[in-house]
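Presented below are the structures under discussion, each in the form of structure tokens.
What follows is a pair of complexes built around chain A, which joins chain B in one and chain C in the other.
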Partner chain A sequence: MSAVASVPAGVLDVALQSAETAAFRAQDWFAVLRQQGWHAFQSLPMPTRDNEKWRFSDARTLSLDGYAPAPAPTPAQAADLIARSRLISDAAGLIVHVDGHCVLKPTLSAELVAQGVVFESLEDAVRARPALLQEHLLKHPVLLGGDKFAALHRAWLRAGYVLHVPKGVEVKQPFVSVTWTLTDGVAVFPHALIIAGERATADIHDFHLSAKADQRALAISAVDIHAGTGSQVRRLAVQAWGSATQSFQIDNTCGGRDAVISSVNAAVGSRRARLENTVRIDGPGADVSLYGISVASGEQEFDQRTLQVHAAGHAKSDLLFKNALLGKARTIFSGLIKVAPDAQRTDAYQTNRNLLLSPDAEADSLPGLEIEANDVKCSHGATTGQIDPAELFYLRARGIPLAVAQELLAQGFLEEVLAKVGHEEAAAAVREMLRLKFHQA
Partner chain B sequence: MPDSLVIKNLNASIGDRPILKDFSLTVPKGEVHAIMGPNGTGKSTLSKVLAGHPDYTVQSGEAFVDGEQIIGLEPDVIARAGLFLAFQYPSEIPGVTIANFIRAALVARQAKGAPFDAKAYYAELYAKMDALKMDRKFTSRFVNEGFSGGEKKRCEILQLMMLKPKYAVLDETDSGLDIDALRIVSEGVNAMRGPDAGFLVITHYQRLLDYIVPDRVHIMWDGRIVHSGGKELALELEEKGYDWVKKDLAKA
Partner chain C sequence: MSDVTATESLPAPIADTVDNPVSGIDQTAGNFSYKMDYEFDAGTGLSEKTVRYISSVKKEAPWILEFRLNALKQFLAKPMPTHWATKDLENINFDKIRYYLSSGQKPKRTWEEVPDDIKKTFERLGVPEHERKFLAGVEAQFDSEAAYSNIKDIVSKQGVIFVNSTEGLREHPELFRKFFGKVIPTGDNKFSALNSAVFSGGSFIYVPKGVKVAQPLQAYFRINAENFGQFERTLIIADEGAEVTYMEGCTAPKFSTSTLHSAVVELVALKGAKIQYITVQNWSANVFNLVTKRGVAEEDAEVRWIDCNIGSRLTMKYPGVVLRGKRARGEVLSIALANDGQHQDTGAKMIHAADDTTSNIIAKSISVGEGRSTYRGLVHIPKTLANCRNNTECDALLINEHSRTDTYPAISVRGRKNSVQHEASVSKVSAEQIFYMMQRGLSEGEAMSLAVNGFVNDLVKEFPMEYSVELKRLIELQMEGSVG
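So, the complex of A and B:
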């Protein structure tokens, strides 16, 4: 049953990586990209705690040993997980991966196809749309410390999807991607490339799930969002890997002039999960909202690093990350707002709120500003606290038992971010995942 | 006494400061009793001590809900025993809707694992909201968040009507209410009057008692009841003012 035993060499194995890359012989540019990733990975050091970008992280326990790609699932396994992937009933398209293998390709309506919308697996896109990919794939620099993991992602790049909504096309229904891990010890490297053309509208729901609750895996995912002039892009990303997973998530977003971008990153899974979320505003008038929400329990570590770069003026970015902590969980929030010298009239905000529901939980917060323009409105704030005793008493005075009252208040604390999902069914799915965390703790 | 709210020789303090001093009072089921008194005399403390607020220390004394002793019990246990406190300053609960809040309170009163009849719940909730002239949209509003003073008090009475306690303590429910809101809130309380419920109405002003006419009026001073009478006592107090309490009754 154990795929680890059947795959003797892991993700650190040069022969295995070369063999897989060789399969892309016909797409030379892609093979080169993978090779570059591999070489960069070899030369980069593992992060250590004294690295400022890894401050407070438990870098000592970082290890890439013992993880390997897994073979494709059996048809029965795939069918089961595809059935469990139907979380959003009005999806414009659904793509499903299991252990890094695409098991369900999206089918789009004839109307979307006619409008030129592309939603397909990365493997298909590599073959069918080299020009589009060469222009956009992995073009963003990795600025928040995860270079080595990003390089490994690049070296093993294969799974994932490409979404391209062309100029002027508005798609209201969400594009849904569900990525599963199934085999213990599997390494997956899901990639999402999202391109919204001028005035295009796209809504994306990304779910990262494991077939079983205590799944052991290594997941290094990356998302590149290119939001064109006047586009509207909304994304929900749900990290709900199994509890023995190490997760690294590198999100990069570029917003053009007047682009309206909103993302919600929800986290419940993994033993440790690091999110590096960079947004770069390249055009004036852009309006970016970044939300984060998590319930951390047991000995989980959620490590959140964010960067809001204002390269153009007259734009707005607003960030709100909320964490509820149970047990011995730890969260780290480190956020930076950077305003370039000529990005005048920037509005940039950053807020991190942590709710400690256990005396053994710990939340670290490192907000920061680097402002080189002089006519801006920027602020950052962080609060870490416990449940308000007056609120707790009010609920209990209505007969609600202590544990239920605490849970209700914690869910209420998170609701502010759930309201930003903008899709009732998706918000309900996330709300349920968050709720379950209180009962596993 | 099985069919009464009985408070016997209650002594309670906050920190080192004694507030309730040998306080005793009995509210038989089916009656409405009012407690009046100047500020700082311990009226709100009484309501919080009865509800099990953790900030207060009870040195001695007892309180019974239909014979069940409640002093020292957890606040939620006291509430489920049948005592309801309508707060003077209800907390705002961000992210928790009124519908979910009242639902959780009702579920807590059910046998564990028993199914919850959501349809009947909403039918009743809407009917009571209509009676209180609350917009039905309030069900999806977060509890008390951004509510006016009158909306908060109506929300308290809505909870009272939905939870149907054996005894309700209304702590300064009239504060911050205009006449219209006062009338609506009072109608809600009056609709609940009957042989199955007792009320303890705490107020600083006689005005509320024009709308919720009490069976008995008690005057509280320095942590205990110093004088009791019929509903006309409220009028007498209004006329003579609290100086009367301080000068004459306090010495008695």
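So, the complex of A and C:
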């Protein structure tokens, strides 16, 4: 890949990386963290296909050349994208990034501020709350094969946000973050650190969007969620980068005793998008739901890797990933449920359903179980198939054209996951993105 | 040949019961060995010399030696597959293994001619008795070579050929050479390469067009020597419209050192043919059992693997079917029982390569004590195909607190109107079930055994009667003392 004129130096440029790190001279711990990231990145090999964690991925075409950080947008560009970011009308707060620069800082209600809720840009938090960040920032291990990309994320860590909902605080409205790419060839590394204290409640909507449909970019995002005892955390993540983007998303969640966690990952964008989603249950009584939904078209590759770790017993996790495939698209679902030796009374489930809407699409499924305790209920299921001809016949017999009938049935297939979003406006926004995919294809 | 008194090992299960109540796998039947003076011994360790020795003893055609030497190179070049498989493989010391031991290459046609110690071995294992009762032909392999091989007249008159690998390649190259090493190429994996370099024994079977062999053919594999590697090679060809059932059993005495068994089994079912291949694997718990098994099913043909793994220290075996002709059908039914110190890493592969092909995999595993059972599966439907279907079900039962199970299927689907479904579940025997049975007067052990037999019952039924009775008994024994 050749470098694009608008990005003079790449993310692989040590001088550039050090120069940016130097800006954090006053926050020594943070500069060190970035340096560690850089060294780790240098020492780690690029993944290859014979690595089990990259099985079925098109690892040969992975390339980090030709991407670079971009300068801040002009005020007019920023204003335009901020306007386009108002997707959720009842947001508790909205933060907007463009090309890795925070262009809109959230304003929280006086009540939330009084309750000690923190929702601010990562850069502000690094300066203002070193203690909180040093305790929680990037503390989760990367277990699903994306170590090198996670290291690069760490090396360039700057953009993103921190959300802290303290003990006992329940926030009903969603915290909304919209991250844009604007410049061709830009590299962005959005980070989200979400900390829910004991019995706290938080709802988060993350949108990853591009200013134009065919945007070329490299996006390596990471999310760390710490869900405290009895907390309730719900998150919607929407990956809708432009169609020439390489996206790597590394999500880590830790749930404490009695925590209720639900996440929906929706994917429509990028040329290739890899999601690594790890959930670790550390306390009994936790209840975790992981949902995934995607419409893949053209030559897109959606690579979904999930890991449900039951480190504590008496807890539940459930996963459902649904993919609809058009054109020459490919989806890979690789999921693993790991039950630790003493995690008795675990309930863990995992389901992957793929709907092939084109003869050239490919769905790969690797549903795995590693169970080291005996008093458990674990199951997984994976199906790949076409639209049921009987259902199609039913609609066509009532005068609905073939293409419309197929689309309706495919949307019906995806609706099961959309219902889990739990926020009508957000679900409608995702539904619309999915619908558009059918019409572009 | 030795006339030294039989050195029978102690009845291990009884002795073990004291320390470990769940190590009761029934090796009483197989846990004995005879001191033998082997006439032919390739020595310890593996080199080009070993391979040349085996080939010259067998008086092989030059192309076979060539084939073996090429395989040895591939074996040495290939890394151990420990990036996905268990690290226990590293405990195999290839330099300490004896690769060829025999007392002659020509199997006897009657039991009277078989040397006493070997005959006694097979009599203790009940082989001649089974042969009389319900088999169409038997081959009994003792270490590297078949000591006995016979096929009933009625079957041989139909043109069925049932010989060992050496004889098959020498006497019937026109039949066997075409498919030998074609279903499983030498370089398929490290252990298929090893087998290709040092193979000896096994069965080469040809069933002519339209011939349906009514009774099963059976091979019995016996390891007698310590530090030994058995590398049998089997090739079964069912010509158009032919049908055959093949059964294999195996045992070995329990030595303190490890033994290696690495077979290659190739099945070819031509148009409309049916092959059923049944295995009851009951190696002793010091055997590394690393086996490659694959069948090709042409148009309207059916290949069915019925695989039961109870013994061995580590088994890695994923019987596969390449569905190459339209409407071909493949099936794997698998039962695995892993006790303390055992790892049953089994599974199935279904490679769809023609339209309208169907495959079915049903795997059930039971982990007892600290046993570990693993299911690995592969289902592949490429984009050029239409109307292919696969169904996979794997169920695991965990008996004790530290029993372990893993499931790693890989499913890849493209094309039109293809559909696959995969389901797996992990559970334990419910307390309610045990309570119900104990309340009606069964002991806890009996109740557990009954529940486990119920879990595998629908698969056990697929085995021939004699085997299914034996299997149930083995499972009962294995379950003894696993609770309470």
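Methods note: the second predicted complex is superposed on the first by the 435 of 441 C-alpha atoms of A that agree within 3 Å, B and C clash if a C-alpha of one lies under 4 Å from a C-alpha of the other, contacts with A are read in each partner's own complex, and residues count from 1 in each chain.
To be clear about the criterion, a residue touches a chain if its C-beta (ideal position, glycine included) is under 8 Å from a C-beta of that chain, and two chains touch if they have at least 3 such contacts.
This one's a predicted model, so the numbers in the text were calculated from it and none came from an experiment.
Room for both chain B and chain C is found when the two structures are superposed via chain A, with no clash between them. Residue contacts after overlaying the shared chain place A:412 against chain B, while chain C stays out of touching range. Contacts of A:363 after superposition on the shared chain: chain C is touched, whereas chain B is not. More chain A residues lie in contact with C than with the other chain of the pair chain B and chain C. Contacts of A:374 after superposition on the shared chain: chain C is touched, whereas chain B is not. Contacts of A:391 after superposition on the shared chain: chain B is touched, whereas chain C is not. By the touch criterion stated above, A:404 is placed in contact with chain B alone, chain C being left untouched. When the two complexes are overlaid on their common chain A, residue A:127 makes contact with neither chain B nor chain C. Centred on chain A, the angle reaching out to chain B and chain C in the chain A superposition, using CA centres, is 80 degrees in steps of 10. Between chain B and chain C, the minimal CA-CA distance in the chain A superposition rounds to 15 Å. Residues of chain A touching chain C in their complex: 50-52, 55-56, 341, 344, 354, 356, 359-386. In the complex of the two chains, the chain C residues touching chain A come out as 83-84, 367, 383, 386, 396, 398-428. Residues 388-391, 393-402, 404-405, 408-409, 411-416 of chain A touch chain B in their complex.
Of all residues in chain B, those touching chain A in their complex are 51-54, 74-76, 78-80, 85, 87, 90-96, 100-102, 104-105, 108-109, 142, 159, 163.
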